[in-house]
Amino acid sequence: MTVTSPAFDTLLARYTAVRGRSLALAAPLSPEDCAAQSMPDASPTKWHLAHTTWFFETFVLEAHEPGFQPFAPAFRVLFNSYYNGVGAKHPRPQRGLLTRPSLDEVLAYRANVDARMARLWPTVAHDDALRGLIELGLQHEQQHQELILTDILHLLSCNPLFPAYAKASDAVAPEPAGALAWHSFDAGLTDIGHAGSGFAFDNEGPRHRVYLHPYALASRLVTQAEYLAFVEGGGYRNPLLWLAEGWDWRAAQGLEQPLYWHRIDGAWHHFTLTGLQPLQGDQPVVHLSYYEADAYARWVGARLPTEAEWEHAAAQGTAGMAQWHGAAWQWTQSSYAPYPGFRVAEGAVGEYNGKFMVNQYVLRGSSSATPSGHERLTYRNFFPATARWQFTGIRLARDLG
Amino acid sequence: MTVTSPAFDTLLARYTAVRGRSLALAAPLSPEDCAAQSMPDASPTKWHLAHTTWFFETFVLEAHEPGFQPFAPAFRVLFNSYYNGVGAKHPRPQRGLLTRPSLDEVLAYRANVDARMARLWPTVAHDDALRGLIELGLQHEQQHQELILTDILHLLSCNPLFPAYAKASDAVAPEPAGALAWHSFDAGLTDIGHAGSGFAFDNEGPRHRVYLHPYALASRLVTQAEYLAFVEGGGYRNPLLWLAEGWDWRAAQGLEQPLYWHRIDGAWHHFTLTGLQPLQGDQPVVHLSYYEADAYARWVGARLPTEAEWEHAAAQGTAGMAQWHGAAWQWTQSSYAPYPGFRVAEGAVGEYNGKFMVNQYVLRGSSSATPSGHERLTYRNFFPATARWQFTGIRLARDLG
Amino acid sequence: MTVTSPAFDTLLARYTAVRGRSLALAAPLSPEDCAAQSMPDASPTKWHLAHTTWFFETFVLEAHEPGFQPFAPAFRVLFNSYYNGVGAKHPRPQRGLLTRPSLDEVLAYRANVDARMARLWPTVAHDDALRGLIELGLQHEQQHQELILTDILHLLSCNPLFPAYAKASDAVAPEPAGALAWHSFDAGLTDIGHAGSGFAFDNEGPRHRVYLHPYALASRLVTQAEYLAFVEGGGYRNPLLWLAEGWDWRAAQGLEQPLYWHRIDGAWHHFTLTGLQPLQGDQPVVHLSYYEADAYARWVGARLPTEAEWEHAAAQGTAGMAQWHGAAWQWTQSSYAPYPGFRVAEGAVGEYNGKFMVNQYVLRGSSSATPSGHERLTYRNFFPATARWQFTGIRLARDLG
Amino acid sequence: MTVTSPAFDTLLARYTAVRGRSLALAAPLSPEDCAAQSMPDASPTKWHLAHTTWFFETFVLEAHEPGFQPFAPAFRVLFNSYYNGVGAKHPRPQRGLLTRPSLDEVLAYRANVDARMARLWPTVAHDDALRGLIELGLQHEQQHQELILTDILHLLSCNPLFPAYAKASDAVAPEPAGALAWHSFDAGLTDIGHAGSGFAFDNEGPRHRVYLHPYALASRLVTQAEYLAFVEGGGYRNPLLWLAEGWDWRAAQGLEQPLYWHRIDGAWHHFTLTGLQPLQGDQPVVHLSYYEADAYARWVGARLPTEAEWEHAAAQGTAGMAQWHGAAWQWTQSSYAPYPGFRVAEGAVGEYNGKFMVNQYVLRGSSSATPSGHERLTYRNFFPATARWQFTGIRLARDLG
């Protein structure tokens, strides 16, 4: 990871805040809610709470705590996500079968690791590398905070009772974004990617030069009303609009609308963290696969942006362009690949990002479920083209000239 | 069902006892334990608790309670197992995703239905058919009590921590059964199947005549030590011992021993309700598929009994024959089929048994997990040839003459 | 096998006739037709031609030919169907990939084995066991002659051109069977199964006693017109008519009519060996699974017969009962199981029948595709409940008394 | 397609040569060989012969032949590969079941279309667009000529007899490529992609500018001996060398070496068009998936090139660099995506390339199976990361500076 070590005071405050927020996210949930796994791609809340703690225990305490003893030796395997360098892993599709340890035990695990981390703070103050590693652990936990929300939404969506995670009154409706306008960008060289002293994941660098062809970007994301026109206009019935693989995938599953959309007595609804709600026409459409995003773009004679186009435009803070962050992750047509000069980190944390660089597509921006402060101009989120359970939407692009 | 209505006092006491025992079975379990589903064949404890209650609400209260109002309309679908006559059903493989209603809500549902049943008792006293239906509900609940144990054992077996459902000190080790002896039975006509005034499921009748050829039955079930000799003697490597379909099934899954058997540092263990334990050589081997039972029998030059042979012998109470009940369900070579003259009951309860009469094999006896008093000479349990998570074992048979 | 050795002259004539008929069956087919495999259950014609030859080479010549040398060592594996006792087998689902050896080479293989068999005949005359083995090989080849027809029909059915195997003018339409009548049979003991000096497969014996309850059998098979009424009367839409497993199977595959039935411009057709033809209302319905046969029987308030009921009735030659043979294989509700006292033969041929005795149902009679003279009163054909590509139909039964 | 219409005389000669070569490729094959399909990704030779003919009939004759009548109306569906704009398609996995039309009928179809094309030539001389379309048809047929070889190799590889397509004496062993050297390229802007008057597929343009970072490329492809060191050095056992998805794929299939490699009595062989042969240590390794190519590169501290790096280097004809063409298709780390400004062609041929631009990786160069003259500097071949049955190898790259 590209990490200039954060200042000690800041880090301590951040540690407390980030760790506390994970607990707050789990607060509305019952032990059963926290334990269930609705599909292999999603994980139980309890698992997220334990795995983020495992990260600190394994990558920070194990190396730096005098007389290190694991809280529970079995947790090393149970809560390892995908780090082959750490050893064995519990099979991902079976995370929902781990009814033991109980939620209470996992909360005790969190408290234990937090207490041991507290004893480590005097050391931390003088160790740049260690502060960098802790910051990585916090960024990692923030990623899982978003997953807690996407995964619990998916779980609750499988329940015919349509239970709500939160009260509707708690939801902050984002500002509607106004009419769609196109902003043009000239051809030329530009630099993208992370550089400098702030935190970034390793996959965001090195900062490097790219040549861009003239292009235009939409001022805002595609709305639910706009996407509804595609749905009702036969967009899911016309193979000529779709990538071949996307069409086969759509047909095999009989998909006719975005994930979580339901037509009930003739009225369109979508299932959200506040339960089943009427579509909000001026809000961004979310829960789209890459295939759907691409098909919609073709339908309106546009395309998805590349990640370089997105970052170049976003970096300029062009007046009138909105929803870069906090509205939805925005599919790009860029396959997730290493930047020129990319090197994976030494040791097990080197498995963090690089080994996923195949058959995934980069998403830029951030969503309504992204923790505040976690978003970044150079952030590279990535998911397979089939992923729909994330808060994924569309910003349109066009070739110019 | 062949039901001569039980006496009122008896039934009331039974209702209280049976309903209470379900709660007792769930008592050692956390809400998470009660909610998880480890495979499509198994159901969450919470689902069992709710479904057995649904049975009374749907088949008893709905027809007989003045001003019937369902506890929760959605439960009619959520907790319907397989009754097409009742309407829609929640998909079986997704029972583990029902984190709502919570365990507390399901317990409240149970209390509510029990209270409404209590108000119905004055009517019950004078209604033979109603008493018969309530008895069916209790027998049904007892079946699910066994499933609670088999399903929770399977769930816990998926956890690498090998958690125990009960303390080892709570387990009552059955009497070892002594040396295996063969008992002979002459050819001739005999009657099998249920008749008379006691309760029996519809599939146990009508009582009818069959002709038996001379045969011998083993005095007790195959032990773990005997089966271990088959395992270590290459029984799982020799296709000539297996039914062709069984061999393909075994090979595809790479099976080399019974379900729940583990060889740890050279010593054989099995996972049980009291956790991981050393094999108990003189106890019956359990958790065998039909294929394994059949292969073992062939290995020792024997075969599985027919259900008529089993019942004919068991009915005689032959001295020296043991383990008819309470040790293990005993695979027979009899495919589950209707007895001559079998008629399904009118209405939705007619779906109870008959529609499963294909590609399943009859098991006789009862197991250590069968509720006391639920066993019966004419009882016909049935499972597909692949089923291993039940307490299923082997009593050998041989042709004579 | 229960084989009293056939007389020498008869056997020689039979050998020539049976071997020649296999070639005649393949004559209308191109090399491509003979090589393709349309599903794992079906085999290419070329494979049938080679495997039946392999049977003679492996079980007759290898043991009895002086200085035995295989025609081609690789064929021992390529054309072994399922005999583990013989050694390795080419995987069944890949039989259609064996473009080499070519059809010409397989025909040369047949000629070679036939020539070597001819040199063996002097020995055969004096060896009862050998004559028995040759008879088994011929019966085996006759079984594959039926499979050549069922498998080629399935292959051609996958071709949207609907090509015909034979000219319609070659088809002999069986006599229509008249109005359906019921014939009653009393309760009592009867003997079924093969005994005596003629050929029978091992699974047809030993002859043994069974007790039958009073029953009635239909005088003829269910016709296409009768079954069409079930199709058009919603039979495929009502789960209460179906075995639970059958309903799930039907729903998963979206089945709405028998295999090979097509509704074209409002008119019902079926695909046959003479191509696409209009339904023949008074002819037996064929290509039904056990599930469909069972559901139809339930729809008309009847059931499928047991194999003992079928044989008992057929043995009596009751006046007015028709279509015992040559019309369609008739599903029975009897699971395929060993008769009392059944013993598999010594050696590899012992794998012929016994190891398939699980999860299959017995079919009695014979079909329009069965070679003339191959049918037998005690014949036990068997297929899984899902099988539809055989010529399988329905004779109804009812309980009496 | 970017097509400047070829001169009339050239085109006529090319038509005759290309069409004739397809027949020559099929000449060593029997009708059975030509009809079989070994996996959904591969097609029968007969299908290739028919589909390439269908292309001319559908896209050339249908629009330009006076009084157009199809050779056989059903062929429009049977031999449509993936053009939704043309209408229905026969399901791809069932191409091997089309035993009718026979090979002879397909050859007659070819002759018929060639004859009709001959009558069209006078028109062609004066119609630029039509000549362009014919050239596209020929390029299309050349692509299928390579597929005929890759698909027949796969089919024959499924046969335990290891039959050879051609005599070993017919194989031209390419020159060994000498020691591996690295050639460096400076950072800077360069133009890649097709421009100008020659033929190219639409996906090769528009020519456009890219910025390259300093890099080095290997002078030749990785050899079989080098790759063998990876195999024997545990490369297939170390997850840290693999992309996560690649490792899971490898493990699920138990892969331990390239496709077609066999270790026989301790000696490594590979199956080729001339049958089973010993490894040729100095020849390029082929039949690798993207995952294997990527893992090998990581093992030697290198990476795969981008397609821009490859084209930039190849365009310069750098002395000492070899095997750009004719040795193996060379995996690049570039996901198959549209070039800036890419537009799909109007009409059904617009489905030729664009709709496959997701989850595939670009391969550059050409292989030993590519028809002579079909290769091109800007050629963009593409396959999913799992593809192994093509002649796919590795040219290594490195970051510099």
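Each chain gets a letter, A, B, C and D, in the order it is written, and its residues are counted from 1.
Operating definition for what follows: contacts are C-beta pairs under 8 Å (C-beta built on N, C-alpha and C of every residue); 3 or more make two chains touch, one makes a residue touch a chain.
Only a predicted model underlies this, so the values are computations on that prediction, with no experimental measurement involved.
*Asks:* Treat touching chains as neighbours and tell me the shortest step distance from chain B to chain D.
*Replies:* The fewest touching-chain steps linking chain B to chain D number 2.
*Asks:* Interface overlap for chain A and chain B, more than half of numbers shared or less than half: same or different?
*Replies:* The interface is built from the same residue numbers on each side, given that over half of them are used by both copies.
*Asks:* Taking mean CA positions as centres, which chain lies farthest from chain A?
*Replies:* C
*Asks:* Based only on mean CA positions, could you tell me how far chain A sits from chain D in angstrom?
*Replies:* Comparing mean C-alpha positions, chain D is 37 Å from chain A.
*Asks:* How many angstrom lie between the centres of chain A and chain C, each centre taken as the mean Cα position?
*Replies:* A distance of 58 Å separates the two centres.
*Asks:* Using mean C-alpha positions as chain centres, tell me how far chain A is from chain B in Å, no decimals.
*Replies:* 46
*Asks:* Two-or-more-chain contact residues of chain C, please, as numbers and ranges.
*Replies:* Residue numbers touching two or more other chains: none in chain C.
*Asks:* Between which chains is there touch?
*Replies:* In this structure, the chains touch in these pairs: A-B, A-D, B-C, C-D.
*Asks:* Please name which positions on chain A make contact with chain D in the complex.
*Replies:* Residue positions touching the partner: 82, 84-85, 187, 189, 208-211, 213, 215, 239-240, 242-246, 290-291, 294, 303, 333-335, 337-338, 340-341, 351, 355-359, 385, 399.
*Asks:* Which stretch or stretches of chain C touch chain D in the complex?
*Replies:* Listed in rising order, the residues are 30-36, 38, 46, 74, 77-78, 90, 94, 96-103, 155-156, 158-161, 163.
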